[in-house]
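Single-structure report; data block below.
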Amino acid sequence: MEYLINLGILFCIYAMLALSLNMVVGLSGLVSLAHAAFYGIGAYAVAILMTMHGFGFWSSMLAGVVLNGITAFAVGKILSKFKGDYYAIVSAGLSVIVFSVLLNFKSLTKGPLGIYGIGKPSVAGFHFSSSLSFLALAFVFVVLFYALFVLIDKSSFGRALKGLREDEVLTVSLGYKTTKYKSLIFTLSAMMAGVAGSFFASYIAFIDPTSFQLAEGIFFFTMITVGGLSSAFGSVVGAALLLILPEALRFLGLPYETAAQLQQLIYGALLVMMMAFRPQGLFGKFKV
Amino acid sequence: MLLVLLINILIVGAGYGLIAIAFAVMSSVSPFFNLTLGSIIAFGAYGTYGLTEYAHLPMAVAIVISIAFCACAAALLERFVYTPLRTRGASSMVLLVASLGLYTIFEASIHLAFGPQYQILGGALGQNMNLGIFSMPKVQFITIVADFIVFGLVNLLLFHTFFGKMVRALNDSAKLANITGLNNNKIILIVSMLSGLILGLSGVLTGFDTGLEPTMGFNLLFKGMIGAIIGGSGSLYGPFLGAFFLAAAENVGVMLWASEWRDLVAFVIFIIFLIFRPQGIFQRKEK
Amino acid sequence: MLKKLILSLCFILALSACKEENKTQAQAKPVIKIGANLHLTGQLAHTGAGAKNALQMAFEKWQKKDTKYRYELIFEDDMMKTQQAAVNTQKLINIDGVRAVLSLFGIVDRVIDDIANQNKVISVSCSYGKSEVPEYGVNTGAQNEEIYGAVVRQLKKENVKTVVLEGSQSAVSFAILDYFAAHLPQDGIKVLANEKHNLDVRDFRTSIQKTEVLKPDYYLIFGVEPMNSIFTKQYREITGKNNLASLGNFPEIADSLWPNLEGLWSASLIGGTSEFSQQYETRFHDRVHGCSANLYDALNMLMMAFENAPVKEGKDIPENIDVVQYMRHIGTYNGAFGMIEMGINGIGHPSVDIVKLQNGKWVKIGE
C-alpha cells in the first residue's frame, strides 16, 4: 500500500505539472520548454527557505510562487517576441540557465551536493508527516488546478487564448491584446509549476539540480501529448499513464542482465505505438 | 592565446556544423525536433566500431558501410514513420514524442548490443599531425575540411540546382508542390538520405575524436539544432555559421569565466542576439 | 486494443501492489530478500553493470553453500534519479519485503539511506567520500582520507608544488575535489584552479589552454567518465605533457583508450584482487569497474552477518539492527576488494593504492 501511496504522490505532482503546461501549450499554442525551470525554482525555494532559514512550508512555497511569477512575467516579455522554433529555443534557454544557476551557485543551492532534510507541511497544528496525509493534501491541489483549468477553458479568457492559438493575427485584429493574454497564462502556469516543485521537494526531502534539467521538460511534453492537448482530463491521464508504465514494466520478470534496457525498449515502443494509434493523444482536442 | 581560441572554435564549430547542416536539410522536408537524428549519429559511430571490432573489416570499408546504413536509416524512418504520421495529421509535438520513443528504443538497443562502456575508434586518424605552429589530431583537421566541403556541396545542391528548387518548393508548400507535378516522396527520400549521410559522417568523425557511448546522440543533436535554429533558416549560411557562433559563445564563457558557466553564458548570448535578430542571426529579414 | 493493453498493465500493477509483505510459510528455511538499487541506465550504466555482475557472482557463490536461510536478490534501476530511487526503494521494501538495499553513489544513495532507515531496513552503499550513514546504514566506498593520503604521498615524491583540480559537476566529484582543495594547502601544495565541467562537455580544449597559462606542476582529475578519458587525451594532444593523474578511476577506462594513459598514474578506488579480477573478466568479458569489488564484499559481509548475527527469542531470523551491528563490528575485511577497514560508525575504509600504466599493465607504485 505504501508503494501505491508514494506513486500516488508522484502522480499528483506530475498531474499538477501537466495541467500547468497544457494551459500554455494546449490552450494557447505556446511551445514552452521552460517549465522544468519553474518546477526547479519552486522546489529550491522550499528547500532553501525551510532548511536554511527556518521558514515553514507554506511561506516557502509562496515565496517560490512569487519568484516564479516575477521570472515568468519578465521572461514572458522576451519570449513574446519569438515564434515557433525560436520560442522553443529561448524557453529551453531559460531551463538551461536556471539549471546552471542551481548547479553552480553553490553558496545558495549547495550545487550538485543537493539539499536534504526538507520538512513536511503543517496546517493548524496538523503535521502532514504520514504519506497518506501528504497524498491527500497534494490531491487537493490537483483538484484545484483541474478546476482552474476547466474554468479558464470555458471562460472568455480561454476563448481568447484559443483564438490566438489558432490565428493570432485575426485575434489581434478583433481587438484582443494577445501579448497581455500570453503573458498572463504563462505567468499563471509558471506559478502552478512552482507549487508542484514545492510539493516535490517536501515529498522527496532530498533534492539536487539533476531533477530539473531540460530533459524533464521533454518528459512533461510527453505527458500532455500522450494524454491529449488542451484537455484537463488528458493532462491527468497522461501523467498517470507515463508514471504507471515504467512501474508496470518492472513486474514483467525480465532477465536481470538486460531488464533495465528491455524496459526502456518496451517503453519507447509503447510511446511510438501510442502516437501511431492516436496522434492527437488519448483525449486531445487540438493539434499544434 | 587568441589564435589558439580561434582554432578551438574552428574545430568545435565544424563538428557542430555538420550536424546543424544535416538538421537544416532534414527540416526542409520534415520540420520538427526529430530526436532520431541523434540516433543516426550514434549509428555512424557504432556501425564503424562494430564492423571493425567484431566483423574485423578494414576501417575504410567499415566507415563507408556505416555511413550508407545511416543514409538508409534516415530515409526509412522518414518514409515509414514520420511522413505517414504527418499525413494523418499529427502535430509537431506528436512527431517529437514518436521520435523520443524511437530514440529510446535505439539507445537501449545500442546499449544491449555494445555495452555501456565509453569507447573510442582507434587508428591513424586519432594521431596528431603537425601544421607548423601547432598540431592537432588528423580527425579534427578532417572534420574542419569536411564541414566546409559539405557546406559547399549542399549549398550548391539546394540553391543552385533544379533539384534544390524542387526541395525549396516542397518546403514552401507540400500540397502545391504535389499539384504542380513534383514527386514529393522521391524528393523526401533523397533529402533524408542526404541528411542521414551527413549525420553518419559526423558520427564517424566524433567516434575518432571524442569517442562513443550509447547516450551520445542526444547531446550532439541538441548542439546542432541550436546552431541551426540560431543561425536561422532560409539559407544554408544560417546553420553553417550558427554552429561556429555556438562554439564561439561556449568558448567565450569558458575563457572569461569558468567552465561551469559555459552553458549559461552561451544561452544568454544567444538570447541577446536573437532579441535583435529574431529571424536568426545570419539571416536577412524576411521581405 | 491500446486501451486494453493499458488497462491490463494497470491491472498487473494493482495486483502486484496488493501483495502483502511475504510471510514466511511453513518452509524449511525462512526467506531473506535483498534488493539492489543500481545505475543500470544513463551516464554511469557501466558502473551499474559492473556492480550488478559482481553482486550476481557473489550471490551465486552463496547459493551453492548450505545456508541457514534462503536468499533472493532483486535488481532495480535507479536511472541516477532521486525520484526513481525513492520509488524503487519503496517498491523493494513494501512490495518485495527486502531486509536490505544495496546502492551506489551520487545523491541517490542518501535518498535510499533515508527511506530504508525510516523503515528499519538495512542500507549498504558504495559511495565515495560519504562520511556518515544513518543507524541502519553501512558504506563501503573509498573515503576522502585514504584517497588523499595516497595521492599526496605520490605528489610529494614527485616534488609537486602547484596543482589544478579538474572534475565534473557531480556530487562525488565535488565531495572529493573540495576535500583536496581544502587540504592540499596544508601540505604545502597550492591549488591554482578548481574547474568543474558539466556532464555533457566533450571539449576541454579552451579550458586546458586557460589553465596551462598558470603553469601548474600537475593536473589532478576526478570526473564522470568519459570526462577523464577525453580530458586526458585532449590534454596530451595540446601540451604533449605527462603531468596528469587521476584521483580514482583510470583503471576503469576501456582498453582501447589505454594508449592515451601510458605512463600516467592514478589512485585506484577500484581495488580488486587479481583472483577476483580474473574471475570477473573471464565470466563477463569486461574489466572490473568502480564499486564492483566493494559491493561484492558488501554482499558477502551482509550475508555473513545474516547467517551469524544473534537471533532473538521467539524469532526465526535476526533483527535488522543486529545484522547492521554485526557488519559494523567486522573490523578488517579481506575480500575481493583487498582490504576494507570497517568502522563501528558504519563507514568502511577501503585501502587506496597508486597504480601506474606501464606497458599496458596497471602496476602498483609507491608505498
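For the reader, a short list of remarks on this structure follows.
When the chains are written out, they are named A, B and C in that same order, and each has its own residue count from 1.
Everything that follows uses one rule, which is that a contact is a pair of C-beta atoms (placed from the backbone, for glycine too) under 8 Å apart; a residue touches a chain by one contact, two chains touch by 3 or more.
Only a predicted model underlies this, so the values are computations on that prediction, with no experimental measurement involved.
Taken chain by chain, the contacts link every pair, so each chain touches all the others.
Between B-C and A-B, more contacting C-beta pairs join the chains of A-B. A separation of 30 Å divides the Cα centre of chain A from that of chain B.
Annotation: 36 Å between the Cα-based centres of chain B and chain C.
Shared interface positions of chain B, defined as residues touching 2 or more other chains, are 108, 111, 260, 263.
Looking at chain C, residues 41, 169, 196, 198 sit in touch with two or more other chains. Touching of two or more other chains is recorded for residues 103-104, 261, 264, 270 of chain A. On the chain A side of its complex with chain B, the touching residues are 25, 31, 78, 81-82, 85-86, 88-90, 93, 96-97, 99-101, 103-104, 218, 221-222, 225-226, 229, 258, 261-262, 264-265, 267-272, 275-276, 279-281, 287-288. Residues of chain B that touch chain A in their complex: 33, 81, 85, 88-98, 100-105, 107-109, 111-112, 226, 229-230, 260-261, 263-264, 267-268, 270-271, 274-275, 278.
Interface of chain B with chain C (complex): residues 1, 4-5, 8, 11-12, 108, 111, 115-120, 122, 128, 135-137, 210-211, 213-215, 219, 250-251, 254-255, 258-260, 262-263. Residues 1-4, 6-7, 10, 103-104, 111-114, 116, 200, 204-208, 210-211, 241, 244-245, 247-248, 250-251, 256-257, 259-261, 263-264, 270, 273-274, 277-278 of chain A touch chain C in their complex. For chain C in complex with chain B, the residues that touch the partner chain are 41-43, 45-46, 48-49, 169, 195-198, 200-207, 209-210, 213, 225-226, 229-230, 233, 237, 253-254, 256-257, 259, 286.
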